Amino acid sequence: MRRAGWPLLIGVAVVVVGIAIASLRANPYLYFAGYVILQYIVIATAWNILGGYAGYVNFGTPAFFALGAYTAVFLIRSVKPPLPVLMLAGGLVAGLLGLGIGYLTLRLRGVFFSIATLALSVVLQTVMVNWEYVGGSRGLSVIRPSGPPFGNYVVFLFTIMVALAVFAVLVARFIERSWIGRGLSALRDNEEAAECMGVPTLRLKLFATTVSGFLLGLAGAPFPYYVTFIEPNSAFALDYAVNALAMPMIGGTTSWIGPVIGAVLLGSAQQLATVTISSELSLLIVGVVLVGFVVVAPEGILGLIRRLRGR
Amino acid sequence: MADALLAVEGVTKRFGGFLALNQVSIAVKPGERFGLIGPNGSGKTTLINCVSGALRIDGGRIVFDGRDITSMPAHRRTRLGIVRSFQIPKPFSSMTVLENLGIPLENAAHGRGADGVDAMEILEAIGLAAKAHLRPAGLTQIEMRKLELARAMAARPKLLISDEAMAGLSSAEVDDILAILLRLNAQGITIIMIEHIMRAVMRFSQRIVVLDAGERIAEGTPDEVVRNPAVEKAYLGE
Amino acid sequence: MFSWDLLANAVVAGLLLGGFYAAVSLGIGLVFGLLDIANIAQPAFLVLGAYMSFVLNEVWGIDPIVTGVLLTPVFYLIGAVVYRVYYGSFERRGDEGLRGLVFFFGILFILEVSLSLKFGVDYRLVQAEYIGRSIEIAGVGIAFRYLIPCVMGIAMTATLYLFLSRTFYGRAIMAVSQDQGALRLMGANPVQIKTIAFGIGIAAASLAGALLITITPVVPSTDRDYIGRMFAITVLGGMGSIGGTLAAGVILGVIESLMATFFGPSWAPAVSFGILLLVLAVRPAGLFGR
């Protein structure tokens, strides 16, 4: 931990590069697509903190992401605070949801947590569909603030997402290398043994669900400004559910690098596919690849690399 | 019971309608070598699970080192010094043998002074040093049992509960494990041994308690217990 | 606004729906409740069954319930294959935790998206001469399209219960759910038994799917409505209790019906989720659980 300085420096360097790219005023599609891929880096990393490190599968990623988005919508409509406040609020609310679901189900078996998250998305979507203030089923138009840096709000959001992606990866890396990460590995391998070796398993599990939820909410909060029209079907899209799983599982779940690899590879592939084949077909392919990897190469690309290296 | 390290007082445990433990009381003195025997299904492992915190009890009290730990979660009991090994070894399969020991060192032993006794020394003492950087999948049966014990040692126990660590081992391997346990006891660790291998229990224990059908039916020195007719009846039937 | 008439209708509708919900949950009750295989793809097989029933009904005009019965062998085979893949890839390696769940989710996902690609997002329904007819008993209207699935649901529950308690393979399944080791010692092969059970579970889903499309039109995303219901019913009824599944189905049906009548129909998913969380928090063994 004494050398914790240099990852932070690399992170800052990445953000600087991001800002440089933003100032280029390149093809706007670059920023749209870049935003999506960076968003997926955050989502995949967040999922992996609970799924890869602790072994608890969250099928309800859309619920946390959308909760961040809708928290932002609520605040935009009522108080209109600056973006950082929106993001913090989104993160905190989603983090609380993670804590709540965790507290209710994590003292039982892991499969009940997963089943609860599966049902959670459906329920939350129902709530948002019925809540007129944030648009209900018809949706709500969201007006971007004026005078953004770089002259273009999407470009601005792009840099925000660069910073968020760096933040998420640094958080994941920090957890992974700390006693928390080692404790999570132990409880993933054998929860009963971990508890008997002094690992405070319940506390660590709740920590993981809360941090995971928090990051997902952070990622969702800028979403209303990005799409300018928020409605439940896109906020709760199935894409998030399957990609949040597929990207870490295909990239590799044991380290922070895996979700990044998965997000970049799958995210770019899907961006390409949406313009060539239908977005639904590309989603289907993601599903098939996911199942393929889970059956044949469960340790993901990272695992394949490790095997090739002969370790 | 005043000078007991572990006092189990009238503990009752039910699984639905089934009474697994019926008002069982045992007292283990500090530094003692304590044997817990009984036929299959008599409640030995259930009792251990209650002591270690894996199960909540339905009645009675558990006192360790003067503290009532009845409602304490398992990981905190471990930090107080109650450490158990598992009948069927439960290693952390994604970590090396050395890293497996790192977990109890970091969590259970944390703050109680690791005394500079690090993981490698424990592995050397138990004979697993050569396999320190292997994953548990690459270990033999007896090496897995030793890993269980090594992990328990890394947790710096005051009370070590060894749950059938010798089951299914050869005679020489049984002696091997027995020697390790005797050495640990010589260092001051109180040990409760659950075993079916009678010669090991007889040689090891200073005092034995016998359970049958969830109740304590006998207690005494190995010689006393072996000659007790109730014990004979429990094992052989009538 | 409240009236006894409304209440009576709501309760009856709920009871009928409950029989159907029991049919929907039998498969999961068998596979997850008894055998501990968390097949979260089950709702997708339900919807797949509904769509297959739709195809047979539209192309050949076969009565939907009959199509459901006809398709059971097909779905049984599909279930057997899926389980074999699951077993070979995960259960045998002891990996069924994370990876097994993701595997089933992948299947759920692939099924839903495939149906969406093939059939689009329009609602599909079946034609049969009894749909739309109803009878009246004591002032309460009972629609046939609710009554017949309910009766089928009760019949399916009874059949499964008898199968599990009276036949050799049924009792073998019960034995596997309790102690696989003992079963092996008796010479039976637990994997084969579980394959049979899983096949039955998927076949039950498809038959329930035929009932589903009789009651209401379906879209590919209908599976999401049933995730909460299936697991809520299984947990509420008690894992492994077939009779409990029927009781829990009826309870859920009545509560949903009352909620829909007095608070609006869009809160249905919240009901099953709420029940699921409540049961897990208060009495995880359910009403009749082991």
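Structure notes:
When the chains are written out, they are named A, B and C in that same order, and each has its own residue count from 1.
Everything that follows uses one rule, which is that a residue touches a chain if its C-beta (ideal position, glycine included) is under 8 Å from a C-beta of that chain, and two chains touch if they have at least 3 such contacts.
Since this is a predicted model, take the numbers as computed values, not measurements.
Contacts with subunit B and subunit C are shared by A.
More contacting C-beta pairs link the chains of A-C than the other of the two pairs A-C and A-B. Centre-to-centre separation of subunit A and subunit B, using mean CA positions: 43 Å. The distance from the centre of subunit A to the centre of subunit C, each centre being the mean of the chain's C-alpha atoms, comes to 32 Å.
The residues of subunit C never reach two or more other chains; the list is empty.
Shown for subunit A are the residues in touch with two or more other chains, namely 188. Remark: subunit B residues 52-54, 73-76, 78-79, 83-84, 86, 90-95, 99, 102-104, 106-110, 151, 155 touch subunit A in the complex.
Note for the complex: subunit C touches subunit A at residues 38, 40, 85, 89, 95, 97-99, 101-103, 105-107, 109-110, 112-114, 116-117, 224-225, 227-228, 231-232, 235, 266-270, 272-273, 276-277, 280-281, 284.
Taken in their complex, subunit A has these residues touching subunit C: 51, 55, 57, 59, 104-105, 108, 110-112, 114-116, 118-123, 126-127, 129-130, 188, 238, 241-242, 245, 249, 278, 280-281, 283-284, 287-288, 290-291, 294-295, 298. Every residue of subunit A that touches subunit B in the complex is listed here, in rising order: 179, 182-183, 185-186, 188-190, 192-202, 254.
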